[in-house]
Amino acid sequence: MDRDRPLTGVAGLAILAVPALFLGYFFLYPLASILITGLTSDGVPDLGPLGEIASRPRLLGIAWFTLWQAVASTLLTLVVALPATAALSRYEFWGKRFVRAAVTVPFVLPTVVVATAFLALLGPGGPLGLDLRRSIWAILAAHVFYNVAVVVRTVGTAWERLDPRLEEAARTLGATRWNAFRAVTWPLLRPAVVSATSIVFLFTFTSFGVVLILGGLEYATLEVEIWRQATALIDLPLAAALSLLQLVGVTGILVGYARYQQRRAHELPLLSARATARRPATWRERGFVAATVGGLVAILGAPLVVLAERSLRVGDGHGLTHYRALAELDEAGAAFVPPTTAIGNSLWFAVVATALALAVGLLAAAVIAYRGGRASRWFDALLMLPLGTSAVTLGFGFLVALDAPIDLRTSALLIPLAHAVVAIPFVVRTTVPIMRSVRHRLREAAAVLGAPPRAVWRLVDLPLISRAALVGAGFAFAVSLGEFGATSFIVRPDRPTIPIAIFRFLGQPGAQNLGRALAMSTLLMLITAGAILAIDRLRVGHLGEF
Amino acid sequence: MSLRRVCALVLVTVVVAAACGDDDTGPPATGPPAAIVLATHDSFAISAEVLAGFEDLTGVPVRILEAGDAGTLVSSAILTKGKPTADVLFGIDNTFLSRALEEDLFIPYASPGLGSVPDSLELDPEHRVTPIDFANVCLNYDKAGLAAAGLSPPTGLRDLTMPAYRGTLVVEDPATSSPGLAFLLSTIAEFPEGTAYPWQTFWADLVANDVLVTSGWEEAYFGAFSGGSEDGDRPIVVSYASSPPAGVFFADEELAEAPTAAVLDGCFRQIEFAGILAGTEAEATAQALIDYMLTLEFQEDIPLNMFVFPANAEAALPEVFVEHTAIPESPNSLDPAEIDANRNAWIEAWTEIVR
Amino acid sequence: MLACREVTVSFGETIAVDRATLEVNIGRVGGLIGPSGCGKSTLLRVIAGLQRPDHGSITWNGADITAAPPHARPFGLMFQDYALFPHLDVAANVAFALRFSDTSRAEANRRVGELLDLVGLPGYESRTIDGLSGGEQQRVALARTLAPSPDVLMLDEPLGALDRSLRDDLVPEMRRIFSALGTTALYVTHDHDEAFAVADGVFVMRDGAIVGHGSPAQLWERPPDLETARFLGYGPVVAATVSNGRLDVGFAVAPWSGPAGSYSAAMRPGAVVIDPDGAIDAVVADATYTKDGYELRLEIGETTVAVRCPDRLPAGTRVRAAVDPDHIALYPAQPSTSSDV
């Protein structure tokens, strides 16, 4: 791999320029602007707010809580998701395609809606019979609920392509099933697991809605506190200082991540997913699939079922009243838009955001995977930064920075642009490990058969990574579709999306409003599952299962 | 997708972004503006035909920009001072007013429509902001829920500390919720510091009486309040005096009587203002919009869209309001300057007591 | 003519190819042999354009193509591990290179069918790569390399992964295909028998350098140096002296026309033959069955020599043997005097 890297020289720099400029202008520049605005007074740097953090035990406690809950949530997510990922990657069974798509559904649901389901499930009347509503467990459970998709889909993409013969070889060399996994499969999967772990960690480290609603007064993350300071107490310097602290923490994590990436990725013989999965043969295998996938479905499904059931509740019975009420809404009241309008807006933003994230993300991934070297590792870590950056801070950063040369602050395009910034890491994370494991020999073979470098990329790399890129695209789509916390701070022209419509309904008392909000949430679930299923079925060209 | 096509796509998107950005850049410097931009919070609502009425009147359409909740709206306006994203800002309330005035965000304008607005709603003598609507943050109770517990409705704030009302109240965190802050201010106004029973003692008693705190109004009303949904087990909630009519208006089935009611004692008045943002290039049209917002057409459309009361005293209230709500006669209030000076310290102190 | 001149490639401290020079004339098949790790594959990669040399040049028909990218060279390279595209079926693999020429789809389909016939896999068009055996993959790789009719065909250990009988079948098959197509080819292998069977001229590489070349017969009869002799299957090597027109290998003396001095004598099969009238006294150590009779290992004093014999003589049998100087090559004396290579 060290010989003849593609993407060096001028062409490589040109390809590097697109993602670098995009992130520079739509991420680093707004971020730097808001931090500078917050931490200067009359043009003179004023680091007083940083000192204020150090002197307030409550703020230090929040920083500590932010860190440990993120670690705990990430570990718990891995514990729940990895066994199910193994089952989904290695075995063929009825409903597998649906489960793979459905895990993404939680990802898009507004926290305020999910919280009602969690409060019902974790209350004394729930299946556990325990009152965990105001406990740390409610937060951890919600984090697992939201982030399982990241592990299942990121790691699953790598796992299902891994040649099972490698593990079989280990078995014939005397390794037990577990030892074979530990010595062969795990090290080969590790880059994908590290990718997924870093995303989950950053997500939970900057968790906002879950902690705000389920954490009560006792628990707050830095992100919640930044929001409180910026919007409730209007203490912008302190908010900026807290953002800086959060950024330092995230950067620390990413430095470790970049260090890890220095280890060399292995070239793997990539197989088609169809070739590696088989039907579970023994009772033990069937039991494994049933337990892991069943457990996953139960954990993710219970809150969703609660939500769907409630959307059908009318008075003491059930019915489609709330759905009909949605359909009857017209444009007359600006407060409530017909669902078709909100769905249309959401889908349009999601398509644009996904296209942007794919375009920029694939270029960035190509730079990272093919260029190699220290600089591209740092670029890799830098691309992750948006996931770990305070959405409030970034939203305000857009306001401060993007007024010239073109005033993007009030443009409808700022929304998909902001979504793309958050979605790019998903595209990069899902494709880089696969790109790295594409055997260099295949590119060489294409080159000696007369393929110019671009054709090599199109005919060899792209088909092999297309599946991973589609997984990334699915995330980008879901990130955009479910956006609320992240870009609700951006000044938004009056073009409500589905989550905003849901929030609207919840803004007024009345059973009808709650019912409509739940009905709309259920629609959002169905749209998400449908969109992800459709994306999963997309194929690049005629190239079948890749 | 080939690399070339990927690059092309990025380019096209950036160009389109630029083009759209251009379209949306505020009004041109001369002549009537292409549109007047109204920045507001995400609870703003008005009928489409009423909004279109302004265009019929002036030939200039109104474009709405939503910027998060009321606090976010103020922060955004402060951050974009001098190069605003809108011409008029609506939705700043008396808890944030002083801060906004201090930042010099607005151009003074005394609308002729102010003649019909009660003096008690006009908090800025310089007319930098104009009152548009008001609401009263009051205790709400679930009639059936209280009856089931054998309780009569509380008559004032002090009742809530009695053992009988133990475990019945849910309130919102003043640090994250606008009604939560209003309720805290109401208790501060009702139980001033330095008296025998200051607000800190009142809150300590509430805590002893098992008060539940949620981060936002939605979680309190739909999650914990028994009058909001079946999940709730608390019959008393901090909400608005206008919540009971909204509950009737948005009920699943037609209701003869409101299932909830407001306690008219111990309420706090929230007044929402509009102002012309300094830096606008369409000051005349902005003034026209302020005028329009005080017309009966606009004012009478407010109640059923935002469930607050119109500032114009001549505006007729819809029937559901007349039937199911009342305006408290002497709500608590505090001077905006005092609120601004103490807001953070009060919230910190409250957090220490309650957590 | 394909020519490499003074090609040097180093990876850090390691010199992989050391001033290698070779030439292959148009229409000829050049063999490149040498032990594993001697730099053969790296030299092929340089010729294919996959590896930039540190020094030296590659010319094709006199034009310097050292800096040309791989896709711009009229060469085909068949990789040792085939490097078939796992996401494409057999037909798409074979037709891959035709995408970059003005070949119509119909023409490409026809060519794929023709090539699959040529390599003995008719009807394999829609098979997946995952489902092919090693030999089938090798044939697909060969067909894929042949598809664009490259001016020079380079094959890197093309039969390396195949079983013996398949190789025995494919060696003449290769030769047949090369002469049928009339291509210029460079055939890399560590198996000298294979190279001798396929190539018109053979280059011997060791430690990155080309240490000798010639026709198979020339190389076999007079290996350029002792190491090459050993690599080609010469053995044993014994200390020898030449004086007065006689060669003395220690256990026997034979006539020799060459300068007097001390030498290392490398003996290839046939250097010692069983001869009842011979002067050598030997003992049979063991006998191994081969296709052409038995191979006996004879102990002559401290030296062990292999000889052919139609009969199986039991171990311990005493026989007489003689030396045939035509099967001995002399090299400047080396410290070690005896070896059983």
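Order of writing sets the chain letters: A, B and C. Residues in each chain are counted from 1.
Keep in mind that, in the parts below, a contact is a pair of C-beta atoms (placed from the backbone, for glycine too) under 8 Å apart; a residue touches a chain by one contact, two chains touch by 3 or more.
A quick note: this is a predicted structure, and the numbers were derived from the prediction, not measured.
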item	value
Most widely separated chain from chain C, with each centre as the mean of CA atoms	B
Centre-most chain, if every chain is reduced to its averaged C-alpha atoms	A
Pair joined by more contacting C-beta pairs (A-B or A-C)	A-B
Intercentroid distance (Cα basis), chain C paired with chain B, Å	88
Chain centre separation (chain A, chain B; CA means) in Å	33
Computed distance of Cα centres, chain C from chain A, in Å	55
For chain C, residues that touch 2 or more chains besides their own	none
In chain A, residues with contacts to at least two other chains	none
Residue list for chain B, restricted to those that touch at least two other chains	none
Residue numbers on chain C that touch chain A, as the complex places them	45, 48-52, 69-71, 73, 75-77, 79, 81, 83-88, 96-97, 99-101, 130, 144-145, 147-148
For the chain A and chain C complex, residues of the former touching the latter	3-4, 269-272, 275, 439, 441-442, 444-453, 455, 459-460, 463-464, 543-544, 546
In the complex with chain B, residue positions of chain A that touch it	15, 18, 22, 34, 37, 58, 112, 115-116, 119-120, 123, 212-213, 215-218, 227-228, 230-236, 313-315, 321, 331-336, 352, 355-356, 358-360, 362-363, 366, 395-396, 399-400, 403, 406-413, 417, 454, 457-458, 462, 488-494, 500, 503-504, 506-515, 540
Chain A-touching residues of chain B, taken from the complex the two chains share	1-4, 6-7, 9-10, 13, 16-18, 20-26, 37, 39, 42-43, 45-49, 51, 63-69, 71-72, 74-76, 78-80, 83, 85-86, 96, 99, 173-176, 181, 213-219, 221-223, 228-231, 239, 243-244, 246-253, 260, 305-307, 343-344, 347, 351, 354-355
